[in-house]
Structures are given as C-alpha cells and as structure tokens.
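Labels A, B, C and D are assigned to the chains in the order they are written; within every chain, residues are numbered from 1.
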Amino acid sequence: MKIGKSTVPESAICASDDETIVVRGADLCNELIGKISFADYFWLLVTGQRPSASASRVLDATLVAIAEHGLVPSVQASRMTLAAAPDAIQGAVAAGILGCGSVILGASETAGRLFLRVAALADEQSLSLEAAATEVVRELRERKQAIPGYGHPLHKARDPRVARLFAVAAEAGTPGRFVAVAEAIEKVLPALTGRDLRLNVSAAIPAVLLDVGFPAQALKGVPILARCAGLIGHLTEELATPIGFALSYQATREQRYTGTLPPGLTLKPKE
Amino acid sequence: MKIGKSTVPESAICASDDETIVVRGADLCNELIGKISFADYFWLLVTGQRPSASASRVLDATLVAIAEHGLVPSVQASRMTLAAAPDAIQGAVAAGILGCGSVILGASETAGRLFLRVAALADEQSLSLEAAATEVVRELRERKQAIPGYGHPLHKARDPRVARLFAVAAEAGTPGRFVAVAEAIEKVLPALTGRDLRLNVSAAIPAVLLDVGFPAQALKGVPILARCAGLIGHLTEELATPIGFALSYQATREQRYTGTLPPGLTLKPKE
Amino acid sequence: MKIGKSTVPESAICASDDETIVVRGADLCNELIGKISFADYFWLLVTGQRPSASASRVLDATLVAIAEHGLVPSVQASRMTLAAAPDAIQGAVAAGILGCGSVILGASETAGRLFLRVAALADEQSLSLEAAATEVVRELRERKQAIPGYGHPLHKARDPRVARLFAVAAEAGTPGRFVAVAEAIEKVLPALTGRDLRLNVSAAIPAVLLDVGFPAQALKGVPILARCAGLIGHLTEELATPIGFALSYQATREQRYTGTLPPGLTLKPKE
Amino acid sequence: MKIGKSTVPESAICASDDETIVVRGADLCNELIGKISFADYFWLLVTGQRPSASASRVLDATLVAIAEHGLVPSVQASRMTLAAAPDAIQGAVAAGILGCGSVILGASETAGRLFLRVAALADEQSLSLEAAATEVVRELRERKQAIPGYGHPLHKARDPRVARLFAVAAEAGTPGRFVAVAEAIEKVLPALTGRDLRLNVSAAIPAVLLDVGFPAQALKGVPILARCAGLIGHLTEELATPIGFALSYQATREQRYTGTLPPGLTLKPKE
C-alpha cells in the first residue's frame, strides 16, 4: 500500500559494497574505527559533520550526566522485564527506553524548544532574555502548559549536575547563549509561578548542547542513548544479582484494592 | 506477589541524596562529568571498574564498528515505526533495538561464549587452539547448531571491519588470545562445514573485547548500545526526510497472496 | 525517589488470595472463565461493567474490522523483528504495537475526541451537526491540524469497513448519534478542504463505540488489541514461512545513497 | 542486503483492492465483521480455519483465564512506562508485553512442547502416560532444566484456574488427551523432584488448547493477546488514577546500596 508520495527510499547515512562501508562520507574501516570516539561518532551519525572540540567535550559530558540515576522507574521496568524474560535482553532494554517519555527524559527536547523560542523572541523584539522569558512563560501558564526542565523530585535545590554541566561548557569555550536563556527562565519563574523551581539536568542538557550546535530535533536522542548505557549496566547486574521480582513485590506490599468483592466472599490478608 | 526469595532490592550502581549522586563509587559531578568519555563511563557502569587504556581504545572501536550499516532490517523497522508514530521517538528506538536478536546482532554474545569454550578446552586438555576449535565445532555441528559469527550476507570475503578491529586491538597491545581463538575457528571451518565462512564483525567484537577483559555476560550490550546511536541518526533523518512508508511500499510491490479468494471474487491487480 | 504525591498504589481491577481471584468484582473462576467471551471480558476490564448486548456486538465488530489488513508497515516491522530475533516473539509483537501511533491506528482516538467536540458544540449552541462540524473543522484547518479519520491511501472511495460497521451498529440498535456526527463531518469536508475525503475505518470505530458507551480515553486500546491478534497471526506464519528478510531486501532494492563518498572511492553497484 | 534465499514475500493471510478486503479466504466485510467473535477471528487468523464449537469455547476460556491477575511485574512495568510517557499508550502496552517471557507467561508454550513430547513418547513406545512423563521429567532434571507449568508463587495448592479450565474443556467435549498428560506429569513430579508442585494456569492453557487442535507454535500468542487486554484495562485506570510513580517509590523504599562511597562522603538517609 502506498502511503504518502515518496516511493523511492533515499538516505545520506551509509552506503556499502562487499569490501567497503561508507558512513557519512567517510570510509568506516580506514577513517573511523579506532580513530574517532563513540560520542563523536554519534555526533557524526546524527549531524553528518564531525564535532568541534568544544562540541565533543560537551556532548560527552551530557551523556555522562544523564546515563544513570539509580533505580528510577524506567530502570525498574527494565529489570522487571528481564526477570520475566531473561533470554531477551534487547526486550528489557527496549522496555526501559519506552520510559523516556514526555514526563521523564523527554524534557530535554521540550526544554530545548522553549529555549529556542525565548532566544528567538529576544532577538526579534530586541528584548532582554528575562523579558522574553517572562513573556513565553506567561503564555505557557495561560495555556496551562508545564514549564519543562525546572524542578526535581529529589534535588530541591539546584540539581548538582546543572552547575557541573555549565562549568564544563564554560571551560570548553561555548558561547553560553542558551545557558543564559535557561538561567533567565530560572530567574523569572518564582515570581510567575509562586514556586522556587530550579534548573534540572533536563534543562541543562539542551542549554549546553544548543550552545555547541547540536540539532534541536535530535535532543531527545541524547538521554535515550545515555540511558541505554545505564540500562545495560543495570541489566548486567540483574543477570548476576536479580532484584526485578523483589522490586515488584515491594511495590505492592501496601497496595489497596478499591473494587468490590462478590457477595459473601472475603479474601485472606496478604502475608 | 512474592516471586523468588529475594525481597529487599540491592544494587551497587548508584546512590544519591539531594546534593550528591554517587555512581560506581565516584561522585558523578566532581569526578565523572567532563572527566570521563561516554564509552569509558559505559565500561564503568557495566563492570564497576575504570577501563585500562587498551580497553578504552578497543571498546570505542567496537562501538564505532557496529553502530551503523545502512538500512538493515532493524533500521527499517524503526523508521517505519516512527513514520506511524512520529510523536514517540522512544518507541521507534525501542522497535529497532528489539531487532538485536539471536540471528542478527546477538551473535556477538554467542560467538563470545563459543570462544570462551574453545579457550577453556584448549587449556584444560593442553590442546592447540585449532584442535580445540575442531572439537567444539564438530560438537555444534552434530547438534545441528549454528556457528555464530562466521559468514556474512554481503561481505563474502572477510568483513572489512574484522581486520581493522584486530589491527586496533594489536596497536592497543591486547594479549590477542581470543583473536587467536577466533582465527583458529575460521581456519578449521571450511574442512568441517564444506563452506568458506569467514569471520564477521559479530565475532571480531567479542574476540577483541574478551581480550581486554569485558565481561562475557554483557557482550550483547555492545551492539545494542552501538545500534541505539545508529538508530538515533536514522530517526533524525527520518524526521527531516521521511522514507518509512516508502520502504514499506517497496517491500510489498512484488508480494504474492498465496491464500484463496471467496468463490466468484477477483481482486484488481495492484497499480 | 518520590515523584508526585500519591505513594500508596490503589487499583480497582483485581484482588486475590491463594484460592480466589476477583476481577472487577466477580470471581474469575466461578463467574467469568467459560461464561464470558474474551471481547466482553475486555469491556469489563476496561470499564468495570459488563457490556450491554448491543455494546458486545459492536465491540466484537470493531475488533474484527481492524485486526488485519495485510502487510502494513507495523506488520512488516514485526516480521522483520521476528526474523532477527526468532526466540522472542513478545519482542516482535511489541515492535508491531509500537507502530500503532498517531498517524496510523491512533486516529481511532483522535477522531473520537473530534466527534465528542462536535457533539458537545451542537448541544451547547443548539446547532445542527453539520453546522457544528463546519465550525470545528474550520478551526482545525486554521491551526493547520489534520482531520483524523478521513481519507485512506488504498480505499479512495469509502473504506468498505465503514458501511459494514454502521450496518452492524444499526442492527444492534445503537442510538447512532456519533455515526451521525461522523457523517456530518464527511459531508462538510469537501467544501472546507477541497478534497473528497471519505470516512475510513479509524473514524467508524470510535463512532460506533461511542454510541454504545465505550470510554473515549480507552479508544486507542481497541486497535491495539485488535492488531495484537493480527500480529500473532502474521508471526505464526513468519515462523513457518519466513519473509521478514525478503521484505527488507525488497524495501531497499531501489534505495539511493544521497551522501558523499571519500575522494577516489567508488562502490560496486548492487547486484 | 539480501539475507537468506527468499526474496519475494508471500503471505496467505490477506489480500485487498480498493473495494474489498479478503482475510483467510473470506470477505472481511460481508462474511466476518459482525458475524464472527473476536476470539474466533483470532483462531482464523492464526490457523486459516474457523474453530469448531469446542475450540471456540476453550479458546475464549483460556484468554479470559490469563488476561488479568493484578499488579504483576509486567503490569507494573507498563504502568510505570505510561506514567513517564503518557502520550504513547502503545509504548506502555509494548513494555508490558515485553514481560511475557520464558519465566512468566512463556511457560504456556514450553509446557505445551513438554506435553507433546510426553504424548509422543507414550505413543511411540506404548507407555502409560505416567511412565512417559517419568522418563521425560527425569531427563529434564538430569539436564537441570526447569519443568514449565508447575508451581505458582501465590497459588500453592493448585491454581484455581486449572480446575475451571479443565471443567470448561470437559463440558465442551474435548478429547482430554493433553489434560491427561498434564495430570500425569503432576502425579509423578513429587517423587521425582521432592516438591509438591501443582499444575498452574500456564500448563492448563496448552493442555486444553492442544486438545482442541490449537497449533503448538502459536501457544505463546494466547497469553500475549490476553495480557494485551489486561494491560489496556490497567492503562485506562492509570490515565484516570495514576499509580505508576507510587509503585516505583514503594519498590525502592527499602533498597540498599551495596557499592562504595568516595572517601569522606556520606549521604543523607532517605526520608
């Protein structure tokens, strides 16, 4: 069935014959394997260009920052999945990645779009970043939309990864424009929302990545790739010392059934 | 419901409070972000140890080698999934990772186990690697099991990535024990199978990784993480220049329906 | 980590002890197994109530209507995934379900929301359905949003499943309110869009289901459950007569590489 | 890339043109929608044949038996995934289905294969079912393989669904051959294993399904389809009254970190 108009698939990423594999214009074996780091290769795959030294340093830092934060929901889902299906580690990784959604890790992308909008408004109307931030945040609040990238359930003061990522970006000599946008929003938020919401890692990541030219539409790929590494760490541990079923047991120890029972029936309490 | 005996979840990977995140014994912000490459961090997450310089070099090389090879089945599945569900890039990545199974990328793990068995047999019985390889391959053939990691649908002569990975490993000063095992198997295969099956990348990867001490039970994680990067490259391209539906259109142009039709009914030919 | 306020999980769906399983207030063994059809049980699971006779008939019809339509993209993705990972059928089913997104099967839900909006507007402002439809469609067009549930890549005239579903619903004695809404939109579309877009199955399904009281927020579950059945049919065939790799081969026969090659390198043409 | 020999995809499931959709030899609109139940259609999709009245009744019973059992690990994984990615219900369903693996619901398939083997051995060697069961179980024990389908973490006495499924099958007039096999294994298990392992639902399902001619290679599809319905029930509840994050919070309340801390660092205790 023909859906849409395009019928001949085109791609600019890879071509090969029996002897050679070309990726993004380079000979994979002669020019890339052993000569480029995995993070730089990721940049090349996504953008078609090699990263600058600053970009390389910042990308590595963001991937390291977001790869691991303990037994978060997606890691729990992944470990439970491996416990139930230990032969299919790819399924457990997939289950964990499916938890990189709009609420949890997807904020990297939506915060990035927010920063681009604030920066564009400031440019177009020659506003200060704070004035532009105020306008955009006010608009989001009016439409009852969330402000992505601010506030954290554990790190009530500023998420410690934020300062570190900003420091790495500064050391790497990035222009700092989007870091300034992110901080402008942080500054105006308390007055507009009545809550002292501080920058979290999902806002710091797009701020520093946009500053080195990472494409906005690929921002969500950064936490996904990073978490993939974290998940493989957890699943390797799960194979050796399984806790998937222990997690699910704990999760329901205090569970309450709020439905009805058939007339006359009582259930024994959980042990 | 209590499944199994363990009821208190334990993990050695990460601990945190509101100010500090500790990963594998190190302070994430002070000791890792901006100071360790993403591939080295992956090694740390999986093993609990920092990689040696050789290990670091070899791991980066394997991740780069396997991340991308064009519109392979799992990439097609992923791009079709994004075309159908463009709002959920995590779903398209997950669909692509689900194709890292026993037939395609999982050979990295099964080939690794094969190498360990050949090496152990050679040690235990003081056999040459070729003699041990002969014995193990013969056994697999008798049980009609496949020899993972040899032969490739496109690269009929040796997969070009193999020589390159072996060269990187040699430059990095690895002991080369498992590379020798992999080559011993390659040498005995034609006589035992009647086919000139050559080492492919899924055998080269475990050979060089086992030589730098990467844990066998995590081998499948390497192609999964690598392909995650490749998938994000393809999905970023898919968002800009979609081909997911073009691929599915092409795939079925010559499709034949081998079932029956209701009496008297004919269907119009496909346009 | 505590995310959100709720900390004690509650559910009204199921409770059990070692001897009895209660689902939605009924004893699973004594009252449900062997006494209720699977589709009626699905209704009970989702709504907490048993379906009326009309609802039962309509739900079955919608599930049958949408379960199978040949080698559509999600089926291709699923069969390619099984070819690569034949041991993990759950992974191939999951890959197929991940293609039930906003563009393909998710229209059942978005079309349902559209119908509710048109019906509510007609009620609130005492408008005819066509007048209300005109207003809502005009608004969607102004915001450049798609009209979900109209037009089909193959069935250019009305999708044949539409008339059949409407006939079943009429036979079952449903009120037909939302069918009338769906048809009102179909009537006003040509004038507003300049295109003769006809009702497709993804609009017929929510129309007849809303008419029997199926909850709007669960509408997307109907095509997902239905396609799950279709996928299992295809995967059973794939295990017996595999075509996953043939599909991926066909898909790329005419593929064009639009990137560059390293200076001096040429690749052999595909055979 | 050409993988394998088959290059032209063939399928016997569905064909269509712009006016007609044929599924398994029948006109979908005229012969199936509104005329066949969803469970019977599933049988038709998988086998290419319509089910007998017995088969229809038994299949419905098995789907109802296994669809729902509360907040089991795969349901928890699914609800956590929806909490993190509420826009992508297909992703949450997929995550739940990925937990239908060898340890949890996959036993339906492996138990089915076990029953076929016992029945074949009894036929070939004219043994009683108990004698054949003894031989096969002894062999599994020698190879340290699990006996799939016996024992349950909650239902220590026989899982109540077992007797009910066997009663439905008897009422439906099935031959009962594989039920007898399943019970023969149950009888010999205590002497061979030293444990009073009783039939669970994952053994009862293949027993009654094989007795009505359901294909062994599709057995795993039954719990997958059934759980898909259960998951949609849970996800509909999750949208209305979310507990995904409450489950993950509970799961880690007693979690212990077994790794090290950087010298001199202490973390605050969890609140």
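Simple rule for what comes next: contacts are C-beta pairs under 8 Å (C-beta built on N, C-alpha and C of every residue); 3 or more make two chains touch, one makes a residue touch a chain.
Every value quoted in this text rests on a predicted model; they were computed, and no experiment measured them.
Undergrad: So which chains are sitting against chain A and chain C at once?
TA: Under the touch definition, chain A and chain C have B, D as mutual neighbours.
Undergrad: Kindly point out which of A-B, A-C or A-D repeats the B-C interface, defined as over half of the contact pairs being the same residue numbers.
TA: A-D
Undergrad: What's the chain with its C-alpha centre farthest out from chain C?
TA: It is B.
Undergrad: Tally the contacting C-beta pairs at the C-D interface and at the B-D interface, and name the larger one.
TA: C-D
Undergrad: What is the distance, in whole Å, between the centres of chain A and chain D, each centre taken as the mean of its C-alpha atoms?
TA: From the centre of chain A to the centre of chain D is 34 Å.
Undergrad: Quick one: chain C and chain D, Cα centre-to-centre, how many Å?
TA: Centres of chain C and chain D (C-alpha means) sit 23 Å apart.
Undergrad: Find the geometric centre of each of chain B and chain D from their Cα atoms only, then give the gap between the two centres in Å, rounded to an integer.
TA: Here the centre of chain D sits 28 Å away from the centre of chain B.
Undergrad: At least two other chains touched by the same residue of chain C: list those residues.
TA: 1-4, 8-18, 20, 70-73, 83, 85, 87-88, 90-91, 94-95, 98-101, 106, 154, 245, 247-248, 250-252, 254-255, in rising order.
Undergrad: With touch defined as at the start, can you tell me which chain A residues reach chain B in the complex?
TA: For chain A paired with chain B, touching residues are 1-4, 6-21, 23, 28-30, 32-34, 36-39, 41-42, 45-46, 57, 59-61, 63-65, 67-71, 83, 88-91, 93-95, 97-101, 106, 154-157, 160-161, 163-165, 167-168, 171, 215, 217-218, 220-221, 224-226, 228-230, 232-237, 239-243, 245-250, 252.
Undergrad: Show me the residue ranges of chain A that touch chain D in the complex, using the header's touch definition.
TA: Touching chain D from chain A are residues 70-74, 76-78, 80-81, 83-88, 91-92, 94-95, 98-106, 244-245, 247-248, 250-255.
Undergrad: Show me the residue ranges of chain A that touch chain C in the complex, using the header's touch definition.
TA: That would be residues 1-4, 8-18, 20, 22, 24-27, 31, 48, 70, 72-73, 85, 87-88, 90-91, 94, 153-154, 251-252, 254-262, 265, 267-268 of chain A.
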